[in-house]
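Residue numbering begins at 1 within each chain, and the chains themselves are lettered A, B and C in the order written.
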Amino acid sequence: MLFVILAPLVLAPAALAVPSNRRRPLVLLAGALLHAAGVAALFASPPPPRAGAWLAFDPMAKVTLLTTTVLFLAAAIYAQGYLARRKDRDNRVFVGGLLLLLAAMTTVALSQHLGLSWVAIEATTLASAPLIYFNHNARSLEATWKYLLICSLGIALALLGTFFLALSGAAPGGPRSLLLDDLIAAGPALSRPWVRAAFVLLLVGYGTKMGLAPLHSWKPDAYGEAPGLLGALLAGGLTNFAFLSIARVFQVTRAAGDEAFARDALVGLGLLSIALAAVFVVGQRDFKRMLAYSSVEHMGILALGIGLGGGAAGGAFFHSMNNGLTKGVLFLSAGNIHRAFGAKTTDEVRGAARRLPVSGPLFLAGFLAITGSPPFSPFFSEFAILNGAFGAGRFLVGGLFLALLAVIFVGMATTVLAVVQGDPGDAPRVPDTGDSWLTAAPPLALMVLVLLLGLFLPQGLRDLFGAAAQLVGGRWD
Amino acid sequence: MLFLRTVLHLAALLALPPLLLGVVNRTKSIFAGRVGPPLLQPYFDLAKLLRKGAVYSRTTTWVFRAGPVVGLAAVASAGLLLSMGGAPAALSFAGDFVLFAYLLGLARFATALAALDTGSAFEGMGAAREVTFASLAEPALFLCLLVLARATGTLSLSGMLGPALPGAWGSAGPALLLAAMALFVIALAENSRIPVDDPNTHLELTMIHEVMVLDHGGPDLAFILYGASLKLFLFGAILSRLVFGRGDGALASEALFFLGVLVFAVGVGVVESVMARLRIVRVPQLLVGASVLSVFALVLLLR
Amino acid sequence: MASFVDLVFVLVVVIDLFLLASSRLGAAIRTVAIQGALLAALPLLLLRETHHLGHAILLAGGALAIKGLFIPWLMFRAIREASIRREMEPIVGFVPSMVLGAVGVALAFAFSSRLPLPDAGAHAFLVPTALSTVWAGLLLVVTRKKAVSQVLGFLVLENGVYVFGLLLSDVMPVMVEAGVLLDLFAAVFVMGIVMFHINREFSSLDTEKLSALKD
């Protein structure tokens, strides 16, 4: 199990040591392949759970790690093409940082100790901040500053929340531990007010990292200014781990008997995020910022799914995978469009489908998938969540959710269609930026995966989502 | 014995205040590297002013003449309520701290009214500033006195500053320390000292207190000067008892008390030497800060 | 002794209030350094038989080195390189923010005794001090405009978390050390300012100018 953490961790300094700007991206590919192999080995022979272990391969970890390793592999292949085109920038920090990010994310997934989770999440912030500054201009500096400031505030609050949680079990006879199993076993013995306060602080803290409204304000800036490759990994990868941490804290809160409160908080924040995303997506001219708001929306959907529970929880875990993969498609193809036009607003970009025969249509297909059009997989996961809402008799929540999804579909469609359709004509052009195998194949592969998951969901995955949902009191219908 | 101490205190109340001004000025001159005026200079000034006649503008009324007299009388009466060196004051009853604060308020009211009576826009500006800042300093003073009342469990100044005070340091030390800090800030503000106001300034636009008394001369000015030094002495006395309120036996506590007042004067001199005046817009911030400190002290006591 | 510990806690809170009112960055940095040094003394002052002496010394030394010396030094370097000395009028003025801070302090001190503490022997001022410091830090980060002030606010916030962590020092010492790790995070954060040279790009450390990105 340690291998999947250590492999990228060891390769990161190796990447820093490689002198050649041209060969360094190969280290990234090696890290991605090793990580994928490690995850595959874990699936082939899952390590038996040990009591008191700080790392475990539980169903939640399986879902997020599977998504991330696929996404990271696609991103690493894409990086070969992308970084070869970005000879103007030293990629030493970028490659090293990506590998560190992968190691930290993997730690979050496997960690059963809430303190360790906190440290690992802190490490993801540290590893990703310099990456946002990759372009070294005023705008990316601004984005980096906001990302650092807002996320570090969230992290500090999350630490306070972790302390509260530790305190809730610190009474003599309490678990006196931050291991998930111990806390859940102690359950009602935990001090209720502290658990509730801890849940609020951790929801706010990790919610900041996840990008739930109203703590999302760093997201459009960071995603808008970061390279598309990083956007894919942040929106499709990192946010899932923050979601995972919140789900773990929810497990404890539920065991302590404060389930109703926590569910209400999650549903409330979830709907707020979706509504806020709807407001900002409409009329958004910058297509990368539009994707960021779409990410806020989908984080809201995840929170909503967990908050509703029942079948919606299973849908939420399915959706975390779908959102991760589809965000990969969208950010990678958006990155290609951004490079080809040297611009990222609908004022200047049009006719992407003609200039980029693969990335342009992929961007359109990704948009259709992310907004929940059949037969792509997000349709099924969003449907499961909606079904959960109506099944539980929460008609208002379900109706609101549906209406907001429609608004977002229309809002995103205006921007995406403006980008993809039309005649590029005199739109700005950057030489040598057309679709190449290395930059077009990874998003295409992810898109095919999203389509396949929609058409046929293997029984193994169904069981996995069911098992993950069971941890938070849900099921897979 | 108690009678003797009361007589001593009343004598000190009447005789010592100008000396405090002398000590403040001497401290400042030492910091500035000057020889400075003699310690007794304020007495000479007062004597000189008292021998002069007064000139009154034709636009002024009796209000202008009453200002200095009422001001001095009010501050002196406030002095009667103040316990010094742990002995009860000449006059004391439950709740007398309210009267104490309002006698100081009355003195300020009389001075401000006299300033307005001159009809000069300039003095009116000074009066406006003085009253604005006083309205912020007064709540802070009350809060400090409340802290003392709560810590000692009495409602008269003689009790608050009496024998119970040293004992209260054991149980409510942090709160009393905060109150002392706030009280020092209030003392600086109430007595028009740097960093709130500069008693020596003649830069018209920055003056607060001094600008109000520009039209007074002769005995009137003497009353005002003497009243100001008396007020400084009152705050010095409270702070001295609060901070140096130790010592068993009458003699030791008396000695400590007068030493404390002296230290207070030196402290004011040091602050005046090392600090610059605050911009006028920042003064409310300082005074609100003093209130905040005393609120915090009160919360510590009430919890 | 108890009264002395009281005093340290009270001073920590007074420093919070002072910071909310302070506009001079140099003075503010020095004050945060003093707060850090006071906090570093706490593990030793609160030492009880159940605690490990070695652990407390480690914590105190680490906190003093990072909070009291290293970070203030970095901050001074940052303001020297950017040659800024004052905070401008913040989004919420100095007086209102001080009053807001005081309200938070009053609430924290008035109500913290109602919180159920598992450890009855814990110092009565510990939780309210921690909560008021967190509150003051949040106010600072949210209302100030200069990057340096925002980092100072973050440091104060994190000082509050650290104080709270002391409550857990005998239950799970490792977590408390994680709190000090948060300082390392802050240190990187601060170096970020120097490294990223906001002043080079924008000719000041004023985050108001970081406003190209918005909707």
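Methods note: contacts are C-beta pairs under 8 Å (C-beta built on N, C-alpha and C of every residue); 3 or more make two chains touch, one makes a residue touch a chain.
The shown structure was predicted, so the numbers you read here are calculated from the model rather than taken from an experiment.
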Open item on the list: How are the chains arranged in terms of who touches whom: line, ring, star, complete or other?
Closed with: line
- [ ] Between A-C and B-C, flag the pair that has more C-beta pairs in contact.
- [x] A-C
Task: Cα-centroid distance, chain A relative to chain B, in whole angstrom - done: 65
Open item on the list: Could you work out how far the Cα centre of chain A sits from that of chain C, in whole Å?
Closed with: 31
- [ ] Please work out the Cα centroid separation of chain B and chain C, and write it as a whole number of Å.
- [x] 36
Open item on the list: Counting only residues that touch at least two other chains, what does the list for chain B look like?
Closed with: none
Task: Contact set on chain A toward chain C in their complex - done: 115, 118-119, 122, 125-126, 129, 133, 137-139, 141-146, 148-149, 152-153, 155-156, 159-160, 162-163, 166-167, 170-172, 174, 176-178, 191, 193-194, 220-221, 224-225, 280, 284, 289
- [ ] Mind listing the chain C positions that touch chain A in their complex?
- [x] 115-119, 134, 137-138, 141, 147, 150, 154, 157-158, 160-161, 164-165, 167-168, 171-172, 174-175, 178-179, 181-182, 185-186, 188-189, 192, 196, 198, 201-202, 207, 210-213, 215
Open item on the list: Could you list, by residue number, the parts of chain C that touch chain B in their complex?
Closed with: 3, 6-7, 9-10, 13-14, 17-18, 21, 94-95, 98-99, 101-102, 105-106, 109-110, 113
Open item on the list: Which residues of chain B touch chain C once you look at their complex with the stated criterion?
Closed with: 170, 173-174, 177-178, 181, 284-285, 288-289, 292-293, 295-296, 299-300, 302-303
